[in-house]
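The following pair of complexes shares a single chain, chain A, combined with chain B in the former and chain C in the latter.
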Partner chain A sequence: MDEITTVVRDYIIREYLQEGDDRQITEKTPIISSGIVDSFSMVSLLRFLEKKYSIHIPDEAATPEAFDTVERIAALVRRFQKAEVGSV
Partner chain B sequence: MSAPLSYEEPTAKFEWHVAEEELGYEPGDTINIGWMCSDRICQLGLADKWALLWEDYQGNQKRFTYDDVRILSNTIAHFLSGLDLRPAERICLFMDRVPELYIGFLGILKTGAVAQPLFSAFGDESLFVRLADAQTSAIITQRKHLYKVRKIRRQLPSLRHVIVVDADQASLQPDEIAFQMERTPRIEDFAVHPTTAESPSILHYTSGTTGQPKGAQHVHYSIIAQYLTAKWVLDLRPDDIYWCNADPGWVTGTSYGIIGPWANGITQVVLDSGFNADHWYEFIEKHRVTVWYSAPTAIRLLMKEGAEIVRQHDLSSLRHLASVGEPLNPEAVIWSQEVFGKPFHDTFWQTETGCIVITNLPGMPIKPGSMGKPFPGITATVLNPETYEPVNRPGVAGLIALRPGWPSQIRGYWNNEAGFQARFKNGWYLCGDRASIDPDGYFWFMGRDDDVINTGGHLVGPFEIESALLGCPAVAESAAVAKPDPINMEVVKAYVTLKRGFQVSDDLELEIMNNIRKRLSPLAMPQEIEFVDSLPKTRSGKIVRRVLRCKEFHEPVGDLSTIMDD
Partner chain C sequence: MAFSDSFRHSYQTEIEGIKTAGLFKQERYIHSPQSSEIEVEFPAGSTVRKCINICANNYLGLSSHPEVIAAAHAGLDSRGYGMSSVRFICGTQDMHRELENRLTQFLGTEDTLLFPSCMDANAGFFEACLNERDVMIADRLVHASMVDGMRLCKAMQDTYKHSDMEHLEEKLQEHQDKRFRMIITDGVFSMDGDTAKLADIVALAEKYNAMVFLDDSHATGFIGKTGRGTHEHCGVFGKIDVITTTLGKALGGASGGCVSGRRELVEMCRQRARPYLFSNAVAPVIVAGALKVLDLISASTERRDKLEWNAGYWRGLLKQAGFDVKEGDTPIVPVMLYDAKLAQDIARDLFDEGVYAIGFFFPVVPKGQARIRTQLSAAHEKHHLDTAIEAFKKVGKKHGILGLGRKELMARCAA
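Presenting the complex of A and B:
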């Protein structure tokens, strides 16, 4: 598991998994469709990613599908990290 | 009597008696929603018909016939009766969309107690406010939500019982009770409490501009309206497979996610999962859903995912589509016509009305963007906001108002008679929304008449958010207002001034957002926080949210003569 994947997974466990919820979060665990993160809470997750990685993820890319697993979120971060580098 | 073929057909000589007759109810009889939705359906010869086909996000499934629902609701009612819970006491349902929530709702009503469903995503503060206000006696919850209950239980002297539906007794604290519905001996016969028309049934909390949320008190007679509106507006027919997206923590989820379909003996499907377009379409295809009652926010999310994904599924089973929660924009109606081959029919109502009151009936021509016309038996108009007299001029905006007296109208706000009376002017009930009426009698929604924020079809009160914001260490003052949003219609935006010694930063913004999300709910979390030096106030020091709201909507602010700082 790379650094981005680990950071995203740990953040979701810390911030979104409720105290009594003993579900394991892996790279492939559904996050949105399982209801762990809903569409409203996605905004705070998006803010965290943008702040942590100094990137901007446009609304059209921040879809429930793109946020549905840790793996997909990490891929999204990498994509926009590259875009930021490319735009310099 | 099946759904009318046109709007004119039933309106001329409508009486709610139609529904009383179909439900076998005579004025003065006992009437109990729990019994009506289970035992009565079995007596009609439908005991073996599927009542509930349930599925979660992992594809786990459970199925319940009407006889199962009858027996299991008896089982829950019997268990609750053994806990020394008296009729009219409040029993909270605080669960995800699991079968125990739907069947437990009927079980509570069978005992004569009042069901108080609350959205399971509520944080401990939101939960506390609602349980304290209602002086709730018992709460039925799941292990995953138990920590929130434990956090507040000591401050709730009325809360005598905490019941957990998915835990063993050994894993609970001594003052908590394990109750596993399907592992408990089934109770074939239960003496349903002889509730009557005006006996209290459900307490749903709803938000207003001022003060904490108010408990809207409903009665068993509401089923008369919920039964008929479900049948006529949602066009429910005996062989339908019906899917209502709403969570029973909100009124749509009880009126049309439990009572309406089950009073009609319909098979309903429930998907206990978050949003995923592909999964939703798969679910419709797999269960051959015929009637789908959804919400504009969900429809706009589906629109965002595109039409291609729709074409990958066989959705030909869909016969009727309807929507509720916020105004359905014309683009969504046109889009659904294009991709599903049929339009979503907008419906308008609210917690206090208990049933759909303005709607597009199946036989009516739809004007995309319009709320439709009053349901037969509902007298609706728009009032001049100064005189509270009907506007009576096509196209002129006014306050949406209803003549009181329909069966599912709330009977009061819990412990708040003044708040309840304030909803009535000149013999009209005020919905708190503005609209105009066109020459054909169609209503056109224009917006809220107060500061309540309608986000994703749910009303969120600014006062509750502002109170929670003031609980954040850095926040000195705050104002919560609506901000337009392409998906949710509105989202919460907070304006905040900071205490001395705190600096504006991205970290602080995220910290405040997460703080509100956890304490109140994701719905109440500000999607944006603007840090300002001061907030607009009246000369007496009251924050004027209107100024901030107008700024967000790019509307003229109007007269600012009483505002101190501009």
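Presenting the complex of A and C:
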């Protein structure tokens, strides 16, 4: 698991699982379609990623599908990291 | 023809998808007034049958109370059927203001504004009172109407884990750079029946200079020793900045809602809340009925006391029978089943046994948290509950779930 994947997974566990919730979150666990995170609460994850990695993820890219697993979220972060570098 | 075959086909496919997912909702036709015993036609076209109703928001049993009906009739005779206007053009009668003043007094606030529903109050409040310099920090289990209202507002949105005060404190610390912070919570959470930790929330609001927004729709009229709501129950009466609540549940159950709270916030709603500005005034007949409801519940706590007894008795019966019941002390008593199909099957079997209850499952509650939500009423007599528990036991036994805890029930569903 690379650094971004670990950071995203840890944040999801810390931010979204209630105390006593023993569900395992892996890279491929669906988090939105499974109801662990609803689209309304997803906003804090988006804000965390933008702040942590100094990137901007536009609304059209921040879809529930793109945020559905740790793996996809990490891929999205990497994509926009490259975009930020490219725009300098 | 504007509605082409392609339009029709597309919607039909979507509706089929809802059915396939097991999420298709069907109305049951009730042939009687709302009460603890109702006459139900279900499925459509079948013989009407009498059953015990254990899923209404008719907490105080006032939906069909003779004095409320008489007052509504008198209101109809003296002030007419409808206003044909929004409030600020020619839709405000003396009775509207009288009801607002009475609600202000009952809720212990500074002012009140009526809305067509509490859904509208929640949809309109945030946009009217907050802007992009502010943040709204909501409990993750708040009602959908607040979620919709927050989505219409330009203020930043954030959420905290359900009733997790440490998480809320973290969020308040994180957002100290905002102009205003508003904490948003239900008083009694409608699906779990638990009560917000309102005293802690108020303490955090004072510590971090935040306002508190409370939707008390499942509490007004019966939570707290005199039924004023969650703020009375938690010892913070007079300390809540905004309360939204409904006339559509305990307070007669017709329709209508309100924003009640700090004078300036209510005034901002009067000036800017779109559901208030662009929809008709609450009908005179409802206003007259609601005034009578306030008379009744201000004069005596008998109804809320009976409701409290009923809720405790029912909770005890369910536990004794071996059902997995969510802890709490409100008239919302969820029987946990975890599996959506099981919840639907049990609701259907209960109906066959003469008990009307509804299964709730995703997306109304989180996945894997399906349940039958039972709701008590002051209109229930002990014999209703004694009869209903026999039906629950019979159905529970049929499905082999009596005595099973959360883990066993979940394992049974997974098998």
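Simple rule for what comes next: the second predicted complex is superposed on the first by the 88 of 88 C-alpha atoms of A that agree within 3 Å, B and C clash if a C-alpha of one lies under 4 Å from a C-alpha of the other, contacts with A are read in each partner's own complex, and residues count from 1 in each chain.
One rule holds in what follows: a residue touches a chain if its C-beta (ideal position, glycine included) is under 8 Å from a C-beta of that chain, and two chains touch if they have at least 3 such contacts.
Because the structure is predicted, anything quoted here is derived from the model rather than measured.
In the superposed model, A:Val43 makes contact with both chain B and chain C. Using the contact criterion defined above for the overlaid structures, shared-chain residue A:Gln18 touches chain B and also reaches chain C. When the two structures are aligned on the shared chain, A:Asp10 is found in touch with neither chain B nor chain C.
Judged by the touch definition given at the top, the superposed model places A:Ser34 against both chain B and chain C. Judged by the touch definition given at the top, the superposed model places A:Glu65 against chain B, while chain C stays out of reach. The contact surfaces that chain B and chain C form on chain A in the two complexes overlap at residues 15, 18-19, 34-35, 38, 40-41, 43-44, 47. Of all the residues in chain B, the ones that touch chain A in their complex are 57-58, 96, 121, 143-148, 272-279, 297, 301, 304-305, 455-456, 487-488, 491, 506-507, 509-510, 513-514, 517, 522-523, 525, 527.
Of all residues in chain C, those touching chain A in their complex are 140, 147, 150-151, 157-159, 161-162, 164, 362-363, 366-368. Within the complex, the chain A residues that touch chain B are 15, 18-21, 30, 32-41, 43-44, 47-48, 51, 63-65, 68.
Considering their complex, residues 15-16, 18-19, 34-35, 38, 40-41, 43-44, 47 of chain A touch chain C.
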